[in-house]
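Next, two complexes with subunit A in common: one pairs it with subunit B, the other with subunit C.
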Partner chain A sequence: MTELILQALFSGVLIGGVYALVALGLALAFGAMRIINLAHGELVLLAAYMAYLVESRTGLDPYFAIPLALVVVGAASWALFLLVDKIQDHRELNSLILTFAIGIILTNAILLIFASDMRTTSSPALQDAVSLGDVFAMRGEIIAFVLSVVLMGVLWWWLKSSWYGRAVRAVSSNRNAARLMGINPARIETVSFLVAGALAAFAGVALYTMSVVQPATGHALTVKAFIITVLAGVGSIPGVFLGAVLLGVTEALTVTLASSALQELAGMVLFLLVLFLLPNGLFGARARRG
Partner chain B sequence: MVRKTSAIASATLALALMAGVTGATAQDASKTEPKTFTIGAHMPLTGSLARSGQAFNEGMQVAVKLCNAAAPKYQVKIDLIDDESTPAKAVSAVEKLASDGSVAIIGGYGSNIIGPASDASDKLGKVYITAGAVSDELTKRGLKTFFRINNNAGYQRGIATLIGDLKPEKVSIIASTKEAPALLAEGLEKDLAAKGIKVTVHKFDPAITDFKPIINKIKLQDKPDIIMMSAYENDYVGIIRAAKVLKPNVKLLVGTWSLATPKMYTEFPDLMNNVVGTSFLPFPVEVKSAEGKTFADTYKQMYNKDIEYLSTLSFVETMVLCDALFRAADNGTLEKGGLADEMRKTDRDSLLGRIQFDATGDNPNFSLSMGQHRNGKIILVSPKSAANGEIVYPGVPW
Partner chain C sequence: MTVTSATSVSAAIRRSGGRGMALGAGLVVLALLPLAAGASPYLLGLLISALILSGLALSWALLGNLGGMVSFGHAAFFGVGSYASALLAAKLGVPVLLAIPLGGVIATLSSLAMLPALRLSGPYFALAILAYAQIFRILATELDWLTGGAAGLQRYPGLPTLFGINLADRAGSYVLVLACVALFALVYVVLRKSHIGTALRAISDSEDATRVVGVNATLLKSWMLFLSAFIAGVFGALNAHIIGFLEPDYAFSGIWSVMPIIAAVFGGYRSVLGPIFGAVVIYLFDQVIAKSLIPVGHQILLGILLAVMVLLAPNGLSGLVARIFSKTAEKHHAGA
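This part shows the complex of A and B:
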């Protein structure tokens, strides 16, 4: 039994790391601009297809697709921001509808260009089993987890220490006050969307190396990222990581101790529980109390 | 004067030409121009089932081409609507197709979509045929216009025969909670238990991507001889990958639909070797019937690839429908609801074997062979009557 639980915990932490990577971009846009980007999963998916493109055309490791994914997803994210920025009234609600529609367009564009087939890495190195004592994982999962932790640290440092990062937090806190302090909110929001796009690019490539992607995957990714963002509490980067790992571990333990059919249900119960007990999310509430 | 003569000559020529054209048209019409029938179809061309829908569409288009080539008196036109993998869109597609004059409907994929869509079709009095819904519930509704060429029982029989012949002590079934895989798993559990085999079923939510916790449970607790997967393509990849990482001590991985296909081997060569799935043709394709050969050649010509599992299913259903449609048209009963009667009279050979429909619209003859991936080839290994090679057992992809 111990071996089973250890493997479940290990798998849960690893998958949680990848969930966090997927959710980071959504959390940043939500935290900085109060915009729930419902096309975020599709941006992640777009990056995954860039990884497929590079691997299938050149035979290179999918991680070599990161520069291409950064350019393509960054451009898509910027275009998305330009459209969102046109909204004059009820920005939060209208952006929700707009990004949802863009998500559908992106899904169908991917379907048209790449067909409906499943795609995943064919690199044996990334699929090899790695054992740490009695627990096992694919090498691709370990790399994706490490990448997630590193990017989380970089993003946390950027938000805390860089001028742009502080400006993002200032705009998020009070847009008008930030403007009075000489910050250009539109510029800062553009930067936030571009950084969110960059995070989606890394997430998509990592996802491709450890999982199967197909055009319909994007929507599920958005839902998962949204749950994690709410679990974490708005604007909390460590919260995103902990929320994602908590979700991953809950799902894996549910499979091990109860039934695999209940995995998604367990995640949703956790989500509702946190919303009920801590309406501002795990870390949002703590910050407010502090 | 010259101008006047020229004008008269031109007018005469024009009249002569017009008369000629009219005459020719009248003559052509008297040669009985082929009568065109529109068949409606809804397929999941986008959404989560897009891959299945597109493969279905390919088989259907080939069948229509062959039907039209073989019938000088009639022509068939397909009116295709994308149901976006959702039941509501499928229902509205059926209503639209019927109101646009389709004489019958070819259904898409997934029991949960086919159910309401075929209900709507029945209310509108349109014959509905499918090759993409195997749930037992569909044929218990007593619909007079519903027909299908494949069913859960056929898949169950194929898999149970293979596993029964291998005589394992224990089998673990990993089953998606979607309707068709869940039903298949339930049926197999009963079949195998009746043969004295200990069976454990692990149902999983279709949203799962990491199968390691399930495989680890199987490895450490169940310790089976065979892992059976009642699932879909993306699940197979996740399950086999997890098994490759954890390496449970099993002798064989068996799956269901869309697994023993050349496409799966081409896309996932490192995962497929020795894996067994339901099949009706070996690969490289060895088609013996004339219809099968024509299908394979035309398919290659149209899509530049070898025929695949789902395309073959939709090819057969469309051919069956065309046959019945032309018979009803010949008998002059089409306008009087004679298509359903002609469908019930169907008795023909096909790539899937003999096709007949019972009172519920089901094909009682449907049965599948089991094919094993073997270094890029698919060898039929069960039942013995259809086998073209011996099974590699024990045999796993790692």
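This part shows the complex of A and C:
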């Protein structure tokens, strides 16, 4: 039993890495424009299907799909930004509906092109079991986790040290003050959406190598990313990572101890508990929601 | 019969003002639709489903327009209403016509669990309500001693005969559903004209300022949530007794959350008629045109439609119509 629980904890942490990438993309776009991009999970899904496309057509390792995914998802994210930017009035409400609509379009486009079958990598190297002491993982899971942690490090450095990264933080904390300092918010919003798209591209390819994807996965990912945002607040990268790991572990433990049918329920219950009991998130982010 | 009931309703509305005229006329059009459909059972069946969606879209728009809340989880209320009514009728022998409003009541009770979510605004409320819809679907699957689980419910009573009208046949069902749509549209119009409607408009302009002048904004918003849940529950219940089969993946399907949004935004969620007609147009478009063009993935057309409407005509068709009317009125004015 202990072994099973340990294994569940381990798998939960590994998938948490990818969840964190998805949630960070959502948080970046939210920080810049104060809108929740309900199509973010579908952008991740798009990247996962690019990986499937490259692997099934060329027989190459799915990681070779990263450049293609970056271009396609980056372009999609940019197009999405341009559309959201066109909204004039009732911005919060209409942007929710618009991104929701784009999510429906992407999901169904993927359904039309790739059918509803579940897809995952066919590479034996990625599916090999690796043992670390008492627990096991697929090699793909380990690589995806390491990739996620490295990307989080890069993002952290970018936001902390680069001019653009600091401008992104400035715009999300006070748009008008940032404008007075000579930052063009429209440009920073574009950059935020491009970086969010890049994160989605990596997350999607990583997801494909460690888990299964199908058209409905996109919507579920958006919800998960949102849950993590609520758990962690939108403030910090380590907070988002911890929130993501917590969600991953909760899901994995539910599957191990109860049933896989309850996996989604566990995340939702966790979400509602935190939302009602700890309205500032687990880590007390100061941003007020509402 | 259909026409007289609708015109008497429209007469009642007419007394309440000019906008009521349009509503009354709209309902008459809906009452006449089956005649245009040539009473073909297939078309009549489609129209019944479309009207169910009209009711659901109306309840979504009421919450969005008066309450200022976007719901991505109206499937929760719809599903609870349908299961509650079917179970009351099947297990406790409650008469179906009583079980249907009780289904609405139980949907309202289920919305009590969402009250804490009212503190949240915008996207947080939207996603919290989505979470509820998922939880209810999973509960309906897991509580199989009550709901029959994933296998679903089949043996429960259908609609009865009332005043010599067999509500279970398609024409009868159509009349019943249309009467419910008309009733709730009337409630909506009256509510919007009342003090409560004024207060709610003020809340949507500035919630803080409204609180300062002594309006209990949270209380009013929760009433809107209850009413919206009740209406959605009633239409869920009607649908359950009309189709005669329930399973969790159907009753709590995301379709019941997505379609009212598309219908209400398409028709114009700030009007009363917009969601009602939006639902009829959208449903018929989806079932008759989209499905034959693209059998799998036909929702892509609805998604495109929704995106285009939000971008080009955020007030929907009714907004467009109103704009054209006001333009022609201006012309008349200038001419005179």
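In the analysis below, the second predicted complex is superposed on the first by the 272 of 290 C-alpha atoms of A that agree within 3 Å, B and C clash if a C-alpha of one lies under 4 Å from a C-alpha of the other, contacts with A are read in each partner's own complex, and residues count from 1 in each chain.
The criterion applied here is as follows: a residue touches a chain if its C-beta (ideal position, glycine included) is under 8 Å from a C-beta of that chain, and two chains touch if they have at least 3 such contacts.
What you see is a predicted model, and the numbers here were worked out from it, not measured in a lab.
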item	value
Clash or fit, subunit B versus subunit C on superposed subunit A	clash
Touched partner set for A:276, first subunit B, second subunit C, both or neither	second
Contacts of A:57 with subunit B and subunit C, given as first, second, both or neither	neither
Contacts of A:122 with subunit B and subunit C, given as first, second, both or neither	first
First, second, both or neither for A:109, with subunit B first and subunit C second	second
Subunit B versus subunit C as contact partner of A:264, first or second or both or neither	both
First (subunit B), second (subunit C), both or neither touched by A:101	second
Touched partner set for A:86, first subunit B, second subunit C, both or neither	second
First, second, both or neither for A:211, with subunit B first and subunit C second	first
Subunit A positions touched by subunit B in one structure and by subunit C in the second	107-108, 111, 115-116, 261-262, 264-265
Touch list for subunit A against partner subunit B, complex	3-4, 7-8, 11, 15, 107-108, 111, 115-118, 120, 122, 124, 127, 129, 136-138, 211-212, 214-216, 220, 252, 255-256, 259-265
Subunit C residues within the subunit A interface of the complex	64, 70, 72, 116-117, 119-124, 126-128, 130-132, 134-135, 138, 141-142, 254, 258, 261-262, 265, 294, 296-300, 302-304, 306-307, 310-311, 314
In the complex, subunit A residues that touch subunit C	35-36, 83, 86-90, 92-94, 96-98, 100-105, 107-109, 111-112, 115-116, 219, 223, 226-227, 230, 261-262, 264-265, 268-269, 271-272, 275-276, 279, 289-290
Subunit A contact footprint on subunit B (complex, rising order)	46-48, 50-51, 53-54, 85, 177, 202-205, 207-210, 212-214, 216-217, 220-221, 233-234, 237-238, 241, 244-247, 263, 267-270
